[in-house]
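Every chain is named by a letter (A, B, C and D) in the order it is written, and numbering of its residues begins at 1.
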Amino acid sequence: MTPEMTEKWLPQPPVVTPYNAGATLIKAPSDAIVLFDGSNLSKWENAAGKSAEWTVHDGVFTVKKGTGNIRTKQRFKDFQLHLEWRVPKGIEGKSQLRGNSGLFLQDMYEVQILDCYQNETYANGQTGSIYKQTPPLVNAMNKPGEWNTYDVIYTAPTFRKDGTYRTPPGVTVIQNGILLQYNTVIQGNTPYIGFPQVVPHGDGPIGLQDHNDDSAPISFRNIWIREL
Amino acid sequence: MTPEMTEKWLPQPPVVTPYNAGATLIKAPSDAIVLFDGSNLSKWENAAGKSAEWTVHDGVFTVKKGTGNIRTKQRFKDFQLHLEWRVPKGIEGKSQLRGNSGLFLQDMYEVQILDCYQNETYANGQTGSIYKQTPPLVNAMNKPGEWNTYDVIYTAPTFRKDGTYRTPPGVTVIQNGILLQYNTVIQGNTPYIGFPQVVPHGDGPIGLQDHNDDSAPISFRNIWIREL
Amino acid sequence: MTPEMTEKWLPQPPVVTPYNAGATLIKAPSDAIVLFDGSNLSKWENAAGKSAEWTVHDGVFTVKKGTGNIRTKQRFKDFQLHLEWRVPKGIEGKSQLRGNSGLFLQDMYEVQILDCYQNETYANGQTGSIYKQTPPLVNAMNKPGEWNTYDVIYTAPTFRKDGTYRTPPGVTVIQNGILLQYNTVIQGNTPYIGFPQVVPHGDGPIGLQDHNDDSAPISFRNIWIREL
Amino acid sequence: MTPEMTEKWLPQPPVVTPYNAGATLIKAPSDAIVLFDGSNLSKWENAAGKSAEWTVHDGVFTVKKGTGNIRTKQRFKDFQLHLEWRVPKGIEGKSQLRGNSGLFLQDMYEVQILDCYQNETYANGQTGSIYKQTPPLVNAMNKPGEWNTYDVIYTAPTFRKDGTYRTPPGVTVIQNGILLQYNTVIQGNTPYIGFPQVVPHGDGPIGLQDHNDDSAPISFRNIWIREL
């Protein structure tokens, strides 16, 4: 198969202009685990289990191209996650080569992060898509240089003895206060080429993607999670 | 039956202290219908279909005791709703007689609004409960005098020919950025005395409750809705 | 509370006359665990974990009044269950005092067994109801003296740390080939008096009820189960 | 894309040997619409809305190669369907070229019918699969020359204004008394080549497939449906 075969271009989700607070909207409540408070990446590691090498600066951290994905040291089951991300002002490129990163749920299921502000791409690869599966309901991007918020509610799968889903994973994604996915059934993992595969797993970390291209110095801040 | 019979007191949802923005968190995005922008109640009416008589002042509106519930003139099916509410600083009273109002989904299903800050009541009557049905996951109250946000996602029921639910209504409630209900199945209407009843209905308005007691001058602001 | 408070009488499910095979319809497939093959109750025990004292005769077994409920020695999670049951010809009595037994799923949730052939009772206490919760879609009774089949598909709940349902139990019931319940959400246990309570549990046995009244010598045969 | 790209071969569903009644198991209950009673195809039509040309003989009807699919004249929403089908004794061929037909739900979603008795094929093309989507839990075939029963429970989708599923279609399939699919989410239509597409539709007929090859003279009998 080719990557293009799992791209779904139409219909393009309608564009909605969010209210832009211009500031952190929702800080961690008292029962949250703070995954990034602006100071360091001590809660994160790289794919080899070593220190995360992304760059911390000015209270945020930024993808360092070529150092690979990072993930939390802690593993989670069901959760509510808040994070904020920003693509740099003046970003260039188009489609998937413009501010591409991703949020991995249980290190397995990617919710796309991409600069989709006036940047057309396949609907099921757009920001807030379950990558190569389900497009978001709408396109709710802030402009490059502005922060976007993600509020994510995730329900982990359970498995049958044969390794298929007994109950599939599900996810709700709210970007900038606007609903993109509502308890969407996740059909399996989210490969670039080919179909979703169902792979049995237990609790897993939160991951962030280094897309390893020059257009992707995405920054993150204010990340917290509540176990449900 | 008596009202007490449908009270469920234990377990009490754990208390979570939210981040308090001290300000409006999320204003209406471009595709939202603004139901209250601070100026007047032109989008609302009372139970008789006449002008809503609650009090508008200082960019908010406040329950006017004895004038009855109000509801939107427009009717909705599935939606994402944002609203903010506040109980007055220095409020007195206890249990259900302290800042009691309610949010009615399709004029039928009440999500409780109540001052639950250091105020014990039955769990399925607490703020964010499906009234007399399902307690919230946690108690995420701000203090009296501070604003609370509600972000609500609602899926309308469909009905069989015999009037029972073919698919029941479901609701997600997020208060101050903290998940209280996640796609909770609503079992029927939400009476004070007796069991939930399933009553066939079509699209319906958003309603707000005048609890008609002296402890309940609840104020509201920044109300918008997106049809899903 | 009184027992009557949790009775729901209207609407009465419509009567459907099933095709009556007059014979065992579906015997155990190759991967089923046979729970009763006509010979003895070796797979069953009483509530004290001692030998089941119900009466085996003529390839069937019959409730022995006063000896208490019986349950399988083996415990199950998700399953497909087949069983057949018969109320004696010439049975007398009315409402709940006419051929009352019950099928307990994981020893916790009762699917009602009752002679509802020309015998009115509350809808949520009728054959195929989730007892005191959800009425069956229809009344699909064979006459007293004839065998009824139950084909049941059950999905066990998962629990949150606080003991509430993370995913609730669900059940499908087909009587005499006719759908009575379809993946119905079970709200908690099924008491005679009061509300469903959510009680955390793991795998559990299949139980059958001794209703301990003179009108209830219910017989059973051809019981098998497939783990899902 | 090629047809092979949407074949999923592993894991192969385990083989379960059903009890074979050697006879019609479940005839129509009193509230069913009988779609075939052994006499004629008056309830059916071809794709052009003309008379169904399949062959009626000996109380059954058989696919007539090259005459095309047939479908019921009546349209349905949610339903419980019973039908029986048989591949001829001594059938030859392999994989998809051995007794291939199909059951179309609302003329849109194919539940596969195929001789899978000692005949390996891709799992998501096996009898009881949602074609090219979801394999059955097990392989519960009777031998060629013997009748197979299908008991199917179907829930129709509802659609959003943009034509995507608001609630997806779901289906339960029981073959020879054994569960193959349990309220499985249907992701879209079921093409031979390419991905499931979501196409808005209303009520629809039950369809049966003429696979138009020499190995496929499948016979049918005892078809009835109950609207839910």
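What we mean here is this: contacts are C-beta pairs under 8 Å (C-beta built on N, C-alpha and C of every residue); 3 or more make two chains touch, one makes a residue touch a chain.
Computed from a prediction, not measured in an experiment: that's the story for all the values here.
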{"item": "Classification of the subunit C:subunit D interface as same or different, half of numbers criterion", "value": "same"}
{"item": "More contacts between chains, A-D or B-D", "value": "A-D"}
{"item": "Most distant chain from subunit B, judged by the mean position of its C-alpha atoms", "value": "D"}
{"item": "Length of the line joining the C-alpha centres of subunit C and subunit D, rounded to whole Å", "value": "31"}
{"item": "Centre-to-centre distance between subunit D and subunit B (centres being mean Cα positions), rounded to whole Å", "value": "46"}
{"item": "Distance from the mean Cα position of subunit D to that of subunit A, given in whole angstrom", "value": "39"}
{"item": "Multi-partner residues of subunit A (each touching 2 or more other chains)", "value": "14, 228"}
{"item": "In the complex, subunit D residues that touch subunit B", "value": "78, 158, 160, 166-167, 228"}
{"item": "Interfacial residue positions of subunit B with respect to subunit A in the complex", "value": "14, 16-19, 21, 25-31, 80, 82, 137-138, 140, 151, 153, 155, 172, 174, 176-179, 182-183, 226, 228"}
{"item": "Subunit D - residues contacting subunit A, complex", "value": "1, 5-6, 8, 11, 14, 162-163, 185, 187, 195"}
